[in-house]
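Chain lettering (A, B, C, D and E) follows the sequence in which the chains are written, and residue indices restart at 1 in each chain.
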Amino acid sequence: MTELRELAKKLLAEGAAKVVIGWEEGPRGVRPAFATDAAAADRLVFDARCAHDLAPYLDRRRVHVAKLGRPAVVVKPCDARAVAGLIRETQVKREDVVLVGVRCGGVLADPEAGGTLSADTIADRCRTCDSRETALADHVVGTPVEPLAAPSRRDARVAELDAMTPAQRWAFWQGELARCTRCNACRQVCPLCYCDRCMADKTQPQWIESSPHGRGNLSWHLLRAIHLAGRCVDCGECERACPSGIPLGLITRKVASVVADRFGHKPGDDPAVPSPIGTWRSDDPQEFIL
Amino acid sequence: MEGTATATGFEPRITAFVCNWCTYTGADLAGTSRLQMAANTRIVRLPCTGRIDPAFVIKAFERGADGVIVSGCHPADCHYTAGNYHARRRFAVLRELLSFMGVDERRVTFSWVSASEGAKWRDVVNGAVERVRECGPFESYRALAGGV
Amino acid sequence: MKVAYFPGCSMHGTSREYGESLHAVAEPLGVELDEVRDWNCCGASSAHASSRMLAVALPARSLALAEAQGHEQLLAPCAACYNRLAGARHEIAEDAELAGHVKRILARPFENRVAVLNAVEVLRDLGETIKAKATSPLKGLKVACYYGCLLVRPAAVTRFDDPEDPSSMEAVVKACGAEPVAWRMRLECCGGGFSLSRKPSVVRLGRAILEDARKAGADAIAVACPMCHSNLDFRQKAMARDGEDKPPMPIVFITQVVGLALGIAPEKLGMQRHFVSTKRVTSRGNGEATAPAAEVG
Amino acid sequence: MNATTISSSDLSGLAADLLAARVRVAGPARASDGTVEYRHAGAPAELVLDSGVPRRSLKEFFLPPTEPLFAWRTGAGGRVELLEAPLPADPAVVIGARPCDAAGIEALDKVMGWDYRDEPWFARREATTIVSLACAGFDRSCMCTSVGLAPDTTKGSDLLLVPIGGGAFRAEVVTAKGARLVAAYPARFRPASGEAEAEAFRKAAREKVAASAPPAADPLRPWLDAHFDHPLWREASLRCHGCGACAAVCPTCHCFDIVDEPETVGTGVRRRNWDTCQTPRFTIHASGHNPKNDQPARIRQRVLHKIVIYPKKFGEMLCTGCGRCSRACPGGMDLPEVLARIAALAGGAQ
Amino acid sequence: MARIGVFVCHCGENIGRTVDCHAVAEALGQVPGVAHAVDYKYMCSDPGQQLIKAAIAEKQLTGVVVAACSPHMHEKTFRRAASSAGLNPFTCEMANVREHCSWIHEDRASATAKAIDLSRMMVEKVKRNVPLSTIRIPVTRRALVIGGGIAGIQAALDIADGGAEVVLVEKAPSIGGHMSQLSETFPTLDCSQCILTPRMVEVYQHPRIRLMSWSEVESVEGYIGNFKVTIRKKARGVDEDKCNGCGACTRACPNKRIPSEFDCGLGKRPAIYVPFPQAVPNLPVVDRARCTLLIARSKGKKDACMKCVEACQRGAIDFEQKDRFVTEEVGAIVVATGYQLYEIGRDQGGRKDLHGYGEYGYGTIPDVIDGMQFERLASASGPTAGRILRPSDGREPRTIVFLQCVGSRDPAKGIEYCSKICCMYVAKHAMLYRHKENGGRAVVFYMDIRAAGKGYDEFTRRAIEEEGAEYVRGRVSRMYRDGDVIKVVGFDTLGGEPFGVDADMVVLATAMRPQPGIESLAQKLSVSYDRHGFINEAHPKLRPVETNTAGVFVAGACQAPRDIPDSVSMASATASKVLGLFSNEMLEREPTVARVDAAICAGCFHCERVCPYGAVTHMEVKDRQGNVLKVVADVNPGVCQGCGTCVATCPSKSVELQGFTDEQVWAQIQAFLG
């Protein structure tokens, strides 16, 4: 923690960054912080409660954040993957941002509840994450951590769903998606949903009905997953942000496993590696094609 | 919910999205060869499978299609070099995703039909109709919106 | 690195020194050898000539055991074992039907996940470590690297080196500070399993190898196969032409060469177990650049 | 005020009676992920009354996230026929509503009945009886006491239940509708008792909430009026993603969008859907100009609407202090904190 | 409000037999927006077309749907008819009720229902059609030819003779390519230089050819008819205007021990050199890496040698010269970059999929050479003045072993294709050797003899039957030096036994590979290439000299292994394509191209990554003060071929494909499903 704070102060003092985007203690646990001076930098924290992906704050459309000046952003490996995606997709220029990588052993499934990281409390997505620190960083802080061995409940749930009949899966998802109010929180917090105008907001034609009825909701979540296929970095923000508790991570996880199985691709922190959708190999599997 | 009952008299409605250069022409050949096939499909002609957006498939189901066919040029035959390769990746993902969300994968048929494969097109159409017939009508997606 | 270790019959029998020297160098090089519990015959001698299913299922069982021990890599120092294990792995990976059959025969979980390594490839990849830890570099020692037939062939199975023009052993020898010589018999047949049944053939073939190595100025021949070793070592006396008075050619295992470079005592490497004296080699290991002594083992 | 007593078993019994009488019963119940939300209950046992604040507010029972207004059909000759959606009139009883949520519904009556009487809203209001359960105070995001309410407020409730120990509740009849419910199921109610216990519960709850809640919001209005462009808004909204989760869970955010959705060629449905002022799309003009062009402006709009604009127009605060926006915010924004800051600034300014 | 006319064709009985065409017209007449619906026996006939034209005028139609045959058959016909009646041709569409309906169904009711659906779908599409105009592109009538080997020379001469200007870029100091290195050419055994040199001179003297040797293509922008090519003119160290090619500098250079590229390392050259006597242009070039003076200067030392400068009477030596860039505007590009030979040693220039033939001893045994080296030995202008001598000791070899298919047809070594020319040139080599070395033994190891071509089979047979070459069918397993000889050990698969030869020299007929750097050139040109780097033709049979990028053509061995006659034929074919292109004032293109809505585009450039044509460029969106607000995608309509892959890829749907817009597709989906 001291290391992070000292680095943040140094970056600010030397003018390498005008704002350090990290985490601080807030009224309900930790939350994103925008440190522009040494005092604020001294309040930065990093621990297993820091689930928030800070990469979305690099989006140039967040004018009020951009106005603070050149950012340094603290990134967990998953967040770094998001930054890599933004660089790859020309939303962020690598040279325009200072990246401070934190060594991460995973975050808590319920960051607000706090507590220590254990096989029981670790977030599901961290159970299948194999990255403890990122190469996409100008500085790396924290002590090396060992991964926690814990079976992924999410993968087990995906497997359960896979084992169901289509009718059962349909019923399951209709039950879940019925809660969706299309508040768009999942989209707004997603580091890779940065479009000036989302496809869902297009009206001529309206590919995705904006009404939060089952039909609009299903089409929205299908197309959201398609657009994120091979790009989703599994930062978990969509599911965390959903005020209706819809298990969106199951969908993104499923798509990620399809992409990994079929195209051998896992989103990583190298911006030079292209997204698997938008590239191809002549020998891609096509057993499903007649 | 996915229908399981095989309603008698059920005639599936199948939307086919095909590329102009291979499958559309192959379907033309099926016509000039007078190959008889089920009358359940309606073709939407597009320049290339690369143009076929997963949204088309979703929209067709949303509007009440019982099945969808996506068809284009064989690998390495794309008129535009690589549109079918892009499509292949897209639809590999879409297919599994639809299935994961509860849409029976028998409702979606993907095929490569070249301009010379009129008979294959017939088989693709007939096969798709048969599979969709097994699944039964797919009104449930459309009905999710509820009415007045 | 921790690997499953498949000794095969040779490491406990005819080629004890290969096993001893392998163990001796493994530790300083940071290789942990975890012997496959309840391993069985690789099938090299006769199984692969009599039944394809047996030839695949025998090695597959050992691979399954290694898998159950949690390994992803298995080291088979004997070239024949290596060839059989890697071959079976390859066949099973390429043929889903065979894979199913083998799984039924094994009646134990088997995912065919374990990669099969040979000693040369492992040592080659540790080249930098050897270089760094070589306390007694074998300066001036000229070594003819002999691959034989099983180590790099067939290409589709072995893959770690060019099957026609390999270079891994030379790289290891270089890492040890010795000098690999250029010679032509590196991949020729040593007579293999005919050592007992067709001695004249073995003698003829072995002689050609020895003579070419000599002509190239080698002080010793390095091998990585128990069969090659026993043919060239044990039958060397018989290979000498009548009235010929040439210094005998020490036949050493590549692991022994590495061991000497790492400064390990020759006895620990089993250097005394050879028929042909290895003094020409061991004397280098101790840093002495003596002229080759005319000794017959 | 009229009061009576009901035991928890009678409360379950009441729910059972209502269900038997084909009255829809709603209340806090567990969703598939175990979280408590307001749901329609199929059986009394589904109701969980001792569960804190449900995930989303009660407003969706009166203003659903989406609702059809009418369907249209283009007939022969291009004539358009309309088919209006029937007004929702199914009787319903909400059991276990939080007082803050019930208060929100009453606050919304003003805007719903102002220049135009929103028919579906009032149809549901009239058909629905709200039985609230006095709150003990939930967590540090609770701030009902800062907005002129209390954990035991009766505003918006038809009946207010206050725990009096032993699993029983003192039931205060607040409205005629509440009285009708009591009268319709006399067997479930006992004579009033436990007034002192109820009073003690209410006092403790008020103190608990007030202890962590920010200063009262009412007095902040002059400062807010005078500091429209204060840098506070910019700072406070830095971490805002503009996601609108706050509005989705808010008991009083009531903005909606009207959309026409085609069903087939020539037919379709006009629906109204929840909307939120937190996205750029909410205010963008056809010209491309957007008067609320950045997140600070949108955050300010939300806070001012609750605390200044609505009260000025309708005489009451639009925030009920339920704390959901703070709980739902993925960026860790916190309304109590913002109000406390404003109070500090306002205090300094005076 | 749309006013659509629907015209249902009976096609005689072809449609009418199965589809109730009148019922289709009736049903369509009820569809909102349809102002007119009729059926007729033959819509494509003159009276049928008149019917359409008259209806357009009378009913003031805004769009037309013809329910008839496949659009592949008559779309152009009906669009022309609509156009002549004053409608925009792109507001006319066809519903395919013949091939896709009447011909494939028997049941009249369901076929009629389907025909109604197909027509309704088209009506809904046409409602959303907008007038489009054909894209017209101006043509710059100048061509760029990349590569100055025989293919490039032929293409340049043919185009220039046809009246257009040509810029010929060659990366070596001289044009001529590999052909200039050959001794004789098969199957006639005429001297390569004798037939090539006049053509080289013709290039040099041609008034419409601008020759840029010692130059490379740096970047290519634009599209068919309108390319802008930046060419790097590498610093020659010699002022081209001053030099008169006298050669005094090369004679004066003291460092004459540099292996000559032209002689494949068998001869030497100075540090300032003309690659070969007949070089065009006849200008020396300074080898900057080996010039004593430049080496000294690069190390900050004082000038060590000024011999060439002193020798030059005209003061043409200019060590200060820098690479220069010139930009040329051209309308067409011919790629003729030729080939290189497979590197026989272990290293394949970083290519992991290629494996060398270490076992053949190339590079370690000096008398193992490749075919091109043999050409130089056999060439009268070569390092041995045409005498075949061993590089090791200059002795005349008494036995030469030739190995065919070294690299070629060997998937294990990474190349599965046949290099096509080796059978012929090995036969030629055997003959040349036998002619020059009386009684010498020429042993050829081959897999098959592939001599398909005019006079080719006769040629190889002559080598075997009349010229005494010994052909052994089999592969060589190992070669090693034994004293003075090279032991060649192989297997005679016809004789069925091992076969060994003691050779004095071994010549390896190594595979042809594309030139290094072909991939990066192909990327600059947005043309595709196969896994070996050979440029892909647009169609292997019907468009063999076009590429997938309009306006870029391909000739010679950069497309696949080619011999001289093939290369020359291809070159002339490209010239005819180029001249055909240049015969147009303007190019006309269907307006089916993608357009970006810059206001919405988020600049993720997924479209750029999937575009097979490189049609997507970056465009800055600025405010009135000129500040860049964002960078968005822009589609060049001249380059776009209209596949629409970008449209389906665009996450925000800010790209549209004209003629196949999302709205049009949506409308068709909706129209079918009700």
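The rule is simple: a contact is a pair of C-beta atoms (placed from the backbone, for glycine too) under 8 Å apart; a residue touches a chain by one contact, two chains touch by 3 or more.
Note that the structure is predicted; figures quoted are calculated from it, not measured.
*Asks:* Which neighbours do subunit B and subunit D have in common?
*Replies:* Intersection of subunit B and subunit D contact lists gives A, E.
*Asks:* What chains do subunit A and subunit D have as common neighbours?
*Replies:* Under the touch definition, subunit A and subunit D have B, E as mutual neighbours.
*Asks:* If I rank A-E and D-E by number of C-beta contact pairs, which comes first?
*Replies:* Result of the comparison of A-E and D-E: A-E.
*Asks:* Whose Cα centre is nearest the centre of all Cα atoms in view?
*Replies:* Of the chains present, the most centrally placed is A.
*Asks:* How big is the gap, in whole Å, between where the Cα atoms of subunit C centre and where those of subunit E centre?
*Replies:* So the centroids are 50 Å from each other.
*Asks:* Please report how many Å separate the Cα centroid of subunit A from that of subunit C, as a whole number.
*Replies:* 50
*Asks:* On a C-alpha centroid basis, what's the spacing between subunit B and subunit E, in Å?
*Replies:* Centre separation, subunit B to subunit E: 36 Å.
*Asks:* Just how far, in Å, is the C-alpha centre of subunit B from the one of subunit A?
*Replies:* Chain centres of subunit A and subunit B, defined by C-alpha means, are spaced 34 Å apart.
*Asks:* Subunit A: which residues touch two or more other chains?
*Replies:* 199, 207, 209, 211, 213, 216, 277-279 - these are the residues of subunit A that touch more than one other chain.
*Asks:* By residue number and range, which residues of subunit B touch two or more other chains?
*Replies:* In subunit B, the residues touching two or more other chains are 54-55, 59, 63, 82, 86, 90, 145-146.
*Asks:* List, in ascending order, every residue of subunit E touching at least 2 other chains.
*Replies:* As it turns out, subunit E has residues touching two or more other chains at 599, 610, 649, 662, 666, 670, 673-674.
*Asks:* Of all possible chain pairs, which ones touch?
*Replies:* A-B, A-D, A-E, B-D, B-E, C-E, D-E
*Asks:* So in the complex, which bits of subunit D are touching subunit A?
*Replies:* 31-33, 35, 37, 55-56, 60, 65-66, 140-141, 234, 237-239, 241-245, 247-249, 257, 259, 261, 271, 273-274, 276, 279, 281, 293-296, 326-328, 330-334, 336-337
*Asks:* With touch defined as at the start, can you tell me which subunit E residues reach subunit A in the complex?
*Replies:* Interface residues on subunit E, with respect to subunit A: 599-606, 609-610, 630-631, 649, 651-654, 662-663, 666-667.
*Asks:* Quick one: in the complex, what on subunit C touches subunit E?
*Replies:* It is residues 155, 162, 164-165, 167, 182, 184 of subunit C that touch subunit E.
*Asks:* Using the touch rule from the top, collect the residues of subunit E that touch subunit C in their complex.
*Replies:* My answer: residues 346, 355-359, 364, 412, 478, 480.
*Asks:* How about subunit B: which of its residues touch subunit E in the complex?
*Replies:* The touching residues are 11, 13, 15, 24-25, 27-32, 34-37, 39, 42-48, 50-56, 59-60, 63-65, 79-83, 86-87, 90, 122.
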